[in-house]
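Input: structures, listed below.
Two complexes come next, and they have one chain in common, chain A, joined by chain B in the first and chain C in the second.
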Partner chain A sequence: MSINFKHIEDKLKTEAKKLLEQGKVSIVLAYGKGYDDHHPMPYVARNAADVGNIVFNEFCTANLARYLVRYPRGTKIAIAVKAADSRAVIQLIQEDKIKRENLVVLGIPVSGMKNSKTGEIIDSKTTCGLYNPVLYDILLGKEVHGKSVISPYDVLAEYEKMDKDARWDFWKKELDKCIRCYACRKACPMCYCDPCFIDQNKPKWGEKSPESHGNLMYHLTRFHHLAGRCIDCGECSRACPVNIPLYLFHKKVAKECEEMFGQVAGMKIEDKPTLVNFRVEDSDKILE
Partner chain B sequence: MSRIGVFVCHCGLNIAKTVRVSELAKFASTLPDVVVAKDYKFMCSTPGQEMIANDIKKHKLDRVIVSACSPLMHEQTFRKVLENAGLNKYLVTIVNIREQVSWVTHDIEEGTAKAKAVLNGAVYRARLLGPLTSRVIDVNDDVMVVGAGIAGIQASLELANTGKKVYLIEKNSTIGGHMAQFDKTFPTLDCSACILTPKMDAVMQHKNITLMTYCEVSEVKGFVGNFDVTVRQKARYIDHSKCNGCLACTEKCPGKGVSEWDEGLVKRKAIHIPFPQAVPQRPIIDRDACVFFKKGKCRLCEKVCEHKAIDFEQQDTFTTVKVGAVIVATGYDLMDTQPLVQYGYGKYPGVYNALEVERLFNSTGPTGGKVTLRDGKEPQAIAILHCIGSRDKNNYEHCSRVCCMYSLKFSHLFKEKTTADVYQFYIDMRAAGKGYEEFYNRIIEEDVKFIRGKGARVAESADEPGRLVVEAEDTITGKFVKLPVDMVVLSPAMIPRSGSKEIARLFNLSTDKNGFFMERHPKLAPLSTMSEGIFIAGVCQSPKDIPDTVAQANGAAAEALTIVEKDKMELEATTAMVNPSSCCACQNCVRVCPYGAPFFNEQKGVSEINEALCKGCGLCASVCPASAIIARHFTNDQVLAEIEGLMEF
Partner chain C sequence: MEFEPKILGIACNWCTYTGADLAGTTRLSYPQNLRVVRVMCSSRINPSFIFRAFQLGADGVLVGGCHPGDCHYNTGNLYARRRLAVTKKILEFAGIEPERFRVEWISASEGNKFAEVVREFTEQVRNLGPQTKFKIEREPMPEKI
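On to the complex of A and B.
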């Protein structure tokens, strides 16, 4: 079940060229060369001539949905998405940040993607574990089948064995490492606020330099802001230079959300964002 | 620098019993910017108010903190004091040290400490408060009444007679509610239809009432004085503007559905009116029962209808009406007794619930008013079981209040219509209404047998096949009773009407643990709710009889009038606004606002808040990730300062 990356790259180029030439979109969000093959970068193709610069290989992990909200509302955009990325697109549509009709979604089924930092295959337990995009207009390659898909919550087994105090200690220790580079926030498709709460001065929600209290304030609030919205791409954790396993918290919250409200972020366009949608039949467990 | 005065109230001993009030005042005088702090026995009394007014002048106060009861009680009182003393009324802060402090502890140390903490928080916040200006708005004259049982009918007529325009919304195809199902009413035993149908007719005829049957409320926007209520007219498949009510269609229709009106005891046609005196006298088609809708062929009704009123294409339609106030009167259902398997309802044909029996007595009912069992035979012995699911901690703790009385009514009617022996199984006989004890005494004379003991079980008779046995402990004799009967009548708990959860959501009503709508105050504001401009009447508030329902309906009408009589009213200034430079356009605010005030401005790419609709609840501010929302009077800075003050203790 090995993925033919070259084949996908070619198809991506062909489709991007067609879309730009036919004027169906004004930009294509894809990947381009970085300083070496292990570090491809997000790339925006604006005309047919740009298309030659597009690359796709096993290091193209960045979630391009991150860039959708940068363009003026109504811009026609084509975007290359892998499984979790497509969920980010869905979530952004639910939040009315973008409109379905302005998008051409180029879906890429993948497995065996690698982490640029380590060169190793990414443990699918740290992501949503899906192979195929949930939403696409054009599929670049065959759907991946065969391996049983793991539960996105498997990785929590160890974490959940800890009691309340142990978890608190765990997070205090992990978050103390944070150097406040904000790479997690920059990588995240759902962190689109400008200015982010933590950058504000009136009121000042938390210390801005890296220190325990400010770090806790930033991360606990960010976790909270992503409750029911994180689509489990794992980009934040991979972006983190000090390797904080942010995915653990996001997954734990996602699991509780699913148990309480029966909804998983970014799976259905017609869903309403979980935590700001009131339904009479909603569980009251959250109040207990 | 501000100049704060702190006024601590004893509320007699209500507060002083568990909070050392003079110590609290002394403590307050040490806090930043506090220039005077006093305690007094009753701050809300005239001398108390004068003391505050004098101190405002004497100490040139620009902020006042009253540490007393809930702001629900006296916030307005103290706002007036400030206004009269020339200060902006929003510069008073009420610190609730009664409901939230002294009443929730027996320990004076604990009480005093907590009172200090909340007062400290209030001082921190008060320093950051600013003056605000109230808004004055126009008030719509019209009223909406939801639910056309006796409560809704009565309230509508009262209001309409004062000249107000009323929209009466009923989800059934006829008005009347449960009262229209009854044959006789206790304690006078007068004919229910005889007293109700004239009122139903008056509703139909009244020029000030717009009757909207087969309708449901689908959306509520706005606020007191200016509600925009969207009503869904469910498709009837008959054009009521053409139909003249000849009912020729109902004769020919082969479609059969279950008669809701007769509590499922018989079938009715697919095209039907629920009962002969239904108002309006216009049929509807029950889509699920209609042969054409099910099989694609039939349309017999269309052929017989001379007025071409049948319209199979009809769709639901929506209309939005503007009203100044709303009365909710959605009534009750009986609890489903099937899960209480010990009583065999739904299992043994001889077991009935109370509403089914009402229909058996009624001459327009399934048996034409004859009391016969499901097999057509007349019962020889009948047991009426009180308090099924009511006064029962495993089900509903509340007393349904009318069951004792209607059970007596049933006994009388059984005696009148059959030769059966009639038994009452009761826990206590509750007859606390005008004429009720007299009614009870009258029924005792009628050879009805009373067994004090709750019916415990209904089983099939082992000796006489087809008969039932009621088991109970007679608590007077202490003996265990096993009584063979042919018919068992259950008196199930009265519970809020199905769908009332949705009504609660639409109108922002709170509900008690059983789902009945909560009044603003159990004694002093039993008809108003926490949602200003929304009133409640009848059984949707709690179980009650018809006289109490009617009294409430009249009261609710009067309350609604106090609003719609005004031309203008003042609204709170505590609204929210968006700081556009921080808004990230997530539209969380738009999604959570219960009043529909925020909207997304596509041009500007940010959300904005329609101030006229905003009630200042603060929900949007709490879900705004970018803290772009400023909730006036509760800004982030003010709230954080208060929290900081609290946390110091």
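On to the complex of A and C.
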């Protein structure tokens, strides 16, 4: 199945223009030109004249839900979302960071997005692998049918059967590469804490310079803070300049949460985030 | 010299800590490897405490709380149960032995159980040997000049 990106771009422009002209929203979050076609950037259209700058192509991978929390509460926003991004929107609504009534969600059903760094097609190996937005007001284009290549958790099998020492060596090698640029947390729609725990001085949770122990503390705690909230968009791993496969750990935590608590992040607005919820019937077995 | 594990105990004020007290007043003996920190509720425990304890040299971490349903604040330990279950999975996937981390529900009247759990857990950690993966190796203190 081939996706007509030009067609989606045109529709996006038309809808954005309409919404801005009618005054239904004050900003539209979409993609704009970067320094070349392979590097489009998030773009904020504030009036009908800006709309011409909107682009959409297969490299528009950024998760725009990241920017929703930057605007004052009550701002009317229209946002262009792909499948995983719409789950981020749902998760943010669950966490009461934004209100559904202030949003116009422009859903983009799409497959075959490409990583601008490697040119590879992005599939369920590094993301949730969904094609169609879970939540939208206006759908730009037709729903994409066809199954994801593999289940989003299949990629974990190889690491799960590793011996624990080998897994430790793997993660140590990977996390030691981290230069603590914090691009992962900047790209993540769910990392909105200010200040982030790692930036606190009292208590000081871990070393702030890039060295093994500080890196381990930062990443393990970040994985924990995203438990039951990560919607598997894979942005963190794509943003990482040293290519640490952060998505593996996030997927693993998401899988465990799904098995233990029977809930997937960002699928239903009515859900409560897993870790701020409980059931009396939760079994003690989960602690074994 | 035989390896003596260092174990951090984090106990909730209302049940486990009182249970530990009871074990003391009834003169039950249990290994001295456990250093207990008191918190007001098991849901007070930030998972980073556990990662940090391992980094600062703990060989094992034991968390104690009230039995589910008995929490002094009604639901604290029900949140803690979910949270700490995730902590355990994270430790496991990072490659550290999950047996080094344990959560037990011990009520104020279970002095016996407290002593028993500490005894058992200390043996378990002793068998695993020193925890070196997370531990921050410090430079030895310089000799006095």
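Simple rule for what comes next: the second predicted complex is superposed on the first by the 282 of 288 C-alpha atoms of A that agree within 3 Å, B and C clash if a C-alpha of one lies under 4 Å from a C-alpha of the other, contacts with A are read in each partner's own complex, and residues count from 1 in each chain.
In the analysis below, a residue touches a chain if its C-beta (ideal position, glycine included) is under 8 Å from a C-beta of that chain, and two chains touch if they have at least 3 such contacts.
What you see is a predicted model; the values in this text were computed from it and never measured.
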item	value
Combined model on chain A where chain B meets chain C, clash or fit	clash
Touching partner for A:F223 - first (chain B), second (chain C), both, neither	second
Contacts of A:K252 with chain B and chain C, given as first, second, both or neither	second
Which superposed partner A:D165 touches (first chain B, second chain C, both, neither)	second
Chain A: partner with more touched residues, chain B or chain C	C
Contacts of A:Y67 with chain B and chain C, given as first, second, both or neither	neither
Partner chain(s) touched by A:W205 [first = chain B, second = chain C, both, neither]	both
Touching partner for A:T274 - first (chain B), second (chain C), both, neither	second
Which superposed partner A:F197 touches (first chain B, second chain C, both, neither)	both
Partner chain in contact with A:I286 - chain B first, chain C second, else both or neither	second
First (chain B), second (chain C), both or neither touched by A:Y182	neither
Stretch in clash, chain B with chain C, out of 27-35, 45-53 or 99-107	99-107
On chain A, positions contacted by chain B and by chain C	197, 205, 275-278, 280
Chain A - residues contacting chain B, complex	73, 95-97, 192-197, 200, 202-203, 205, 225, 272-273, 275-278, 280
Chain B - residues contacting chain A, complex	501-502, 505, 582, 584-588, 591-592, 600, 602, 605, 623, 625-627, 636-637, 640
Parts of chain C lying in touch with chain A, wherever the complex brings them together	47-48, 51-52, 55, 68-69, 75, 78-79, 81-90, 92-97, 103, 105, 133-134, 136
Of all residues in chain A, those that touch chain C in their complex	159, 164-172, 197, 205-206, 213, 216-217, 220-221, 223-224, 227-228, 249, 252-253, 256-257, 260-261, 274-280, 282, 284, 286-287
